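As written, the chains take the letters A, B, C, D and E, and residue 1 is the first residue of each chain.
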């Protein structure tokens, strides 16, 4: 579907890839895997645009390609051999072909699929160069959509954002995932059971369904973070320890990571709504409007969580200050009562020869009483100050 | 009013609902009830769009449907049996039918009403899936409006946002509430008494009246929070305790929850103003403009409250620091006066054989005088520093 | 000027007002008067739109209506009996009638004026329901403008925002004030003296003149707050006390109240500029542009004040921390010097039988010298640390 | 160039000015001079629009008017007597007349110039009423531009913003400055030398040149503040004292003042770019675009400075906290070592008759050794905690 | 390509430059080199627009000019003598000439190139006046693009932004760098190898390629800062020292510098996308859209880093407060235990004659036991408070 010139350009990837696939040992690559904050890695500077370089970690042993072909009244699923071409795209209107690719490290495979389906080289480059921002790009005869699939790791404490890329054209949809996931399973189930509208509609409706499933999975992550927020809120209020702020900071960072995946959704779906027929049917747009609302809800809630975690710092600092105050009060009370008394005792421990008080018989009990009175006086002062 | 295909789709809910109504025990559901921060729950991932799932807590024993039919010169109220259809919609112009549904757990009922009235399945899905953001969606022959009804709970300390959904078409309005409430009672009263314009106008005016009542109820909540803010402000200034910041934090969170319900109102009413005849009459828009102003006022005031509660932290921290300073001053004054004196007493308590001072008769009174002078000197220093 | 139907609606206020005027004792009303933060009070929920309810405090014993009629060459002022109608509106072009109403508690009066002049019921509702946001609403044959008049109370420490409503039509302007004020006096003076353009121009120019006077009065308030800001800035720098932050907080709150009155001015005047002839003459717009600039200046300055008061907290906290540091230094120096010395004295105060040092004649002066040296050493250490 | 009616209005200033020029002693005026934060002063409330009132401080003894007339091949400079009219404006295209007025207290002069040149009264009002926000206003046959000239005072620690007003029409430009300044000198120099395009172009190009010179002078001020920021940054890091935060606060305030002068520049130049021929030639717009960039750069840099000064507070607080920690450590170490030892010494200083240890010969050295061991133990503990 | 008049203007630079090149010793210039925060320096006030003044530091001994001419099937590289003209521009379509200039201090050279190529004087002025904000300006027959090249200095702790200027016309691209750099090397490599589309496309595609390389180099810097952020995050959590906040502050400042270079990229590329043929081919825009995404990603990530570094302050302060609390606890525990005991010892060290306890044989062990019990009691209290 592309001009010859472009096909040649796309073909040239094989060559340039040769040196890059092993590039997994390149130092830059390593910190990319380490650093979650800056996910999108720079390509080797100066590589030609359209060069397919996989920048994420290799998450599966072997890439897997599955193909589902369905129409209103039929469905065929098959797992495809990586070496063979995908096959003919059904006529739009007569059915949809959904190709799902799991594992992006095999850049040769990606380039080959891109070439066979006539995808734009820049799109295939972005498929492999994970860490893209969610976006929708309209090419002449297909849409390129990047969304993030969010998962919780490390016992629900870390958000991992994986890139899912969708390439949608008339009669087909090719989806690329970094690792196998179960978010799309219910969609497959609905396809198999033939319930609902889905089998009678086009590839744009399938794209909507997949994005909807991904957005729903964001809500799951958000719920977990919301719960964690409420937990930490209680912890800060009731029993703040040195680790509490650390947990709050980590929660905050996860919310930031989530936020980065969620904010661009709004624009993405707005762009989707503006794509015209035949790529997106008007009847699909009503459903997209629904996802649009959900993306707003996601954003609203993320912002509320952010505000609340920010407020926790104030709560924590005030709680720490209060405890400090309590400690200081104890110290001050103890010192203020006993230091003067010790001084008095010290005075009568002096060895001067002429200290007439020492010989008086009531001096000792008198001094003791005086000490008692002074201690009680001090306590009275502190009580009046409200310290005890 | 919909095509057959869509009616079939809508009909398919019954089937898919079968398994979901009992889904109340699904773990996800439970945390949804717990978590106030993230209200909108994800559906079971991958369920077909248009599937009606109730995601809130069940707040009433049994759903209740009441129908009011009115025209300029007549009004009929009836409580409807859940099993029967609602009946014919009056001709636009000749009267309005207002159906009010309290309790959303009976998803079968919702789906049936949706089907009978020809509502879009996505709208009915959102009715049941509470926790939607306030919004207005325009379908071909009806409007779908979501607004939040705010109430104070727990002695006025918690804001609860319930979802109220309105479906408005020519000659009818169907409203869905999570629980019975009295916010709409005065509207019913006005309908019964026949005072004012309301009975002579269409369903769009009724929608405006209901939204106006809901916005007014927001002001009630806002007033209570405003009062609480002023109370806490005084508490922080006059007698800040460890719990004050906690209350401030809780207030802040309630304001955030309120804010989330209030901000989208502006867009909602803007969309309402842009809906064209025949769904919304131009004569109604003048009234909508009024609600529009009120929504701005709500937002303004929420933002002022937010700024003021943020400022309280500074006030609190400075008050805590001041008290700490006072405590430290007491400690420092006591220690600085008595520790040197104790040292002097210690010196003359030493047992050296050759301490000529010990034998001088005026040594003891001399030392006492010296101690007094040094204590007074210290006090003078502290007074000069402004500490006492 | 309105249809009969609407006049009936407007007339129905009398009835519904009957029960509401005494409503002054309604609990909600009371907190409204107390709470400055949330000024706009909710109406009794569900009252019909257009119901005239006064929501502010009653500020004058008796409402007062004055009418000024002027043309290029004549001016007539009269105080009007509340019971009589206002009289005919002059032909546009042949003169202007300015009706000024002071005191809004007499809702019957407001409704009657509204009816006589043909104002929209919603406008009259907003006149009485004080606490509206500054705004301009365009009705078919008149403009409704709400502006805030700002005054300083409590010795210049509190900003009070009163609502001034202007209803402007061809040949007339009706202004409503909560309480008598002198802001409009100079305008009256100019009208009487006949100087300047004012008498030869229409009611829109009069509206501009009044808004200009109100904006100028905002500058007076702003100047006072600016001065207070500079005062507090110096206080925070030179002699911060526990009350300083309290004053800063109060200043901040007043700035927030001011801000809420000032920000909407910009939109108001933008709307004013967009109103077309005949309601607003093009020749008036040049003057409005001037007020427009002033509203921007107000906003700029309010924001600068806000930033500066926010910065004061940092200054205060750092000053408090510094004083704390100083206190701690004194304590630490005193304790670090004398506690070891006291210990040494304690050692030679022990009563062991075999303490050979005690008998040596130079032991006592030796110990004293050692103590002196150790104290000086300590002082040296502290000086090196820069503490003294 | 104005209608007679307006000329009369303008003429009426003389009358109303009579009382206002002496108004310099009006209390409001005084605080205006004091208060830098709120520069724009309210006019005496209710004065007619177009009344020329000077609101700044009088900065020169006597106003000075200089006139430069130039064309491609000639230039004439003259200092004009205040009492005489300015003279004829050259035909557009055949040359440009630049009138520069220094000193704005002589409002009679301003009014006269305004009248002679046919400027709009509101423009002349704004010329005298200094403290306007930078802006561009388009009148029928001239542009009115307000820009701020920034200078550093008090040894570079204070930013003073003076108002420079430009009135630009075909063939002439009148500039008003509060005080004589040297920012325009190089422009005069270029005019005299005849180098560059400037003499062959119109008054719009002259306006551009003057604005460019003013923007450049902003950069000078910004550079000084940038340097001061870097100085303070180092001071906060290396040797923060009680005065450091004060300096930071003052710097922050100056940045705010600068910011207020700089932000509106962007809109000003955007408006300038939208003015159409003949007032602004298209060939001049290319140059304006350049100033436009510079205004963005100014804003960018001001914001960076603002962020950095905000960050200094954190640095300062953390440095103060660290010093506090160090002080507390010294106190705690001294107290923790010697207080227990003093207690032990105290025990053996008791006068009980039956204290068998006292008689043992090795008791004294034993106790001393024990004390030493305990002190060393304490030090070990503190070292393990990392305090020493 | 310009009119004679403009060529003369451009020619006049030589004259005005004569005095300015030595201007390197001007005091202003020096602080410009020092100050990284305010990079764009003011020209000597009042210099004519279009005057070429180099405002950066001289980074190379001698400027270097290299010229590459390429077409689909050929490529010629040559290093050009500074004194000679560049030579003819190839016909658009038949090849591209890329002139690269390293070193901007030789303003004579810049002016000469500008004149030969017919660049607008304002563009050449901006080339030399480094510290421009990234921007794109469209002249009649060429584009002027400013981008920043970011490098890390001082062991990766400082971001240096160098200005790279591109002047792009049909068939040629002239790039100006402050210092030699290797960012463009891979592009040259691709040109030489002839791989990919690059040689067959126009100068707009070359411009895209260079911008893409520069954006990629931003990612490298961002990755380094991201890594540093994660390092500091761990340091703050695990072993915060006095220097940590300093490092955080420095990191923050670098992020601000980076941010200033990155934000304007978005607008730049938006402008690029809006340039019409023939200056930018539609086929190139698809590639530009890709850079557009990358610029969004850069901004997103910079903002995340900014948020995280801001959060570190909270973490640091809470960690410092916790350590302070721990220190205070130790002090309070030691003091509270031993000060009362010392007092008791002091009492029995008094020398009163009548102290009957002294003679009782079990008094001494009794007192010791009492002391032990009281110390244990204290410890119990502290344990209950959770301090130990």
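Everything that follows uses one rule, which is that a contact is a pair of C-beta atoms (placed from the backbone, for glycine too) under 8 Å apart; a residue touches a chain by one contact, two chains touch by 3 or more.
In this text the structure is predicted, and so the values were computed from the model without any measurement.
K.L.:
Do chain A and chain E face each other with the same patch, meaning over half of the contact numbers show up on both, or with different patches?
P.N.:
different
K.L.:
As a quick test, compute the distance in whole Å between the mean CA positions of chain A and chain C.
P.N.:
43
K.L.:
Quick check: how many Å separate the C-alpha centres of chain A and chain E?
P.N.:
Averaging C-alpha atoms per chain gives centres 26 Å apart.
K.L.:
Name the residues of chain E that each touch 2 or more other chains.
P.N.:
Where chain E meets two or more other chains at a single residue, that happens at 317, 321, 324, 328, 331, 335, 339, 342, 346, 349-351, 355.
K.L.:
Are the chains arranged, by touching, as a line, ring, star, complete graph, or other?
P.N.:
Drawn as a graph, the chains make one closed cycle, so a ring.
K.L.:
Listed in ring order from chain A, and going the way that reaches chain E first, which chains are there?
P.N.:
A, E, D, C, B
K.L.:
Quick one: in the complex, what on chain A touches chain E?
P.N.:
Those in contact with chain E are residues 5, 9, 12, 15-16, 28, 31-32, 34-35, 37-38, 40-50, 120, 122, 125-126, 131-133, 135, 137, 139, 242, 245-246, 249, 252-253, 256-257, 260, 264, 313, 316-317, 320-321, 323-324, 327-328, 330-331, 334-335, 338-339, 341-342, 345-346, 348-351, 355, 357-359, 361, 363-364, 367-368, 371.
K.L.:
Note which residues of chain D are touching chain E in the complex, please.
P.N.:
These residues of chain D touch chain E: 183-187, 189-190, 195-198, 200, 209, 212-213, 216-217, 219-220, 222-223, 225-227, 229-230, 233, 237, 286-287, 289-290, 293-294, 296-297, 300-301, 304-305, 307-308, 311-312, 314-315, 317-319, 321-322, 324-325, 328-329, 331-332, 335-336, 339-340, 342-343, 346-347, 349-355, 387.
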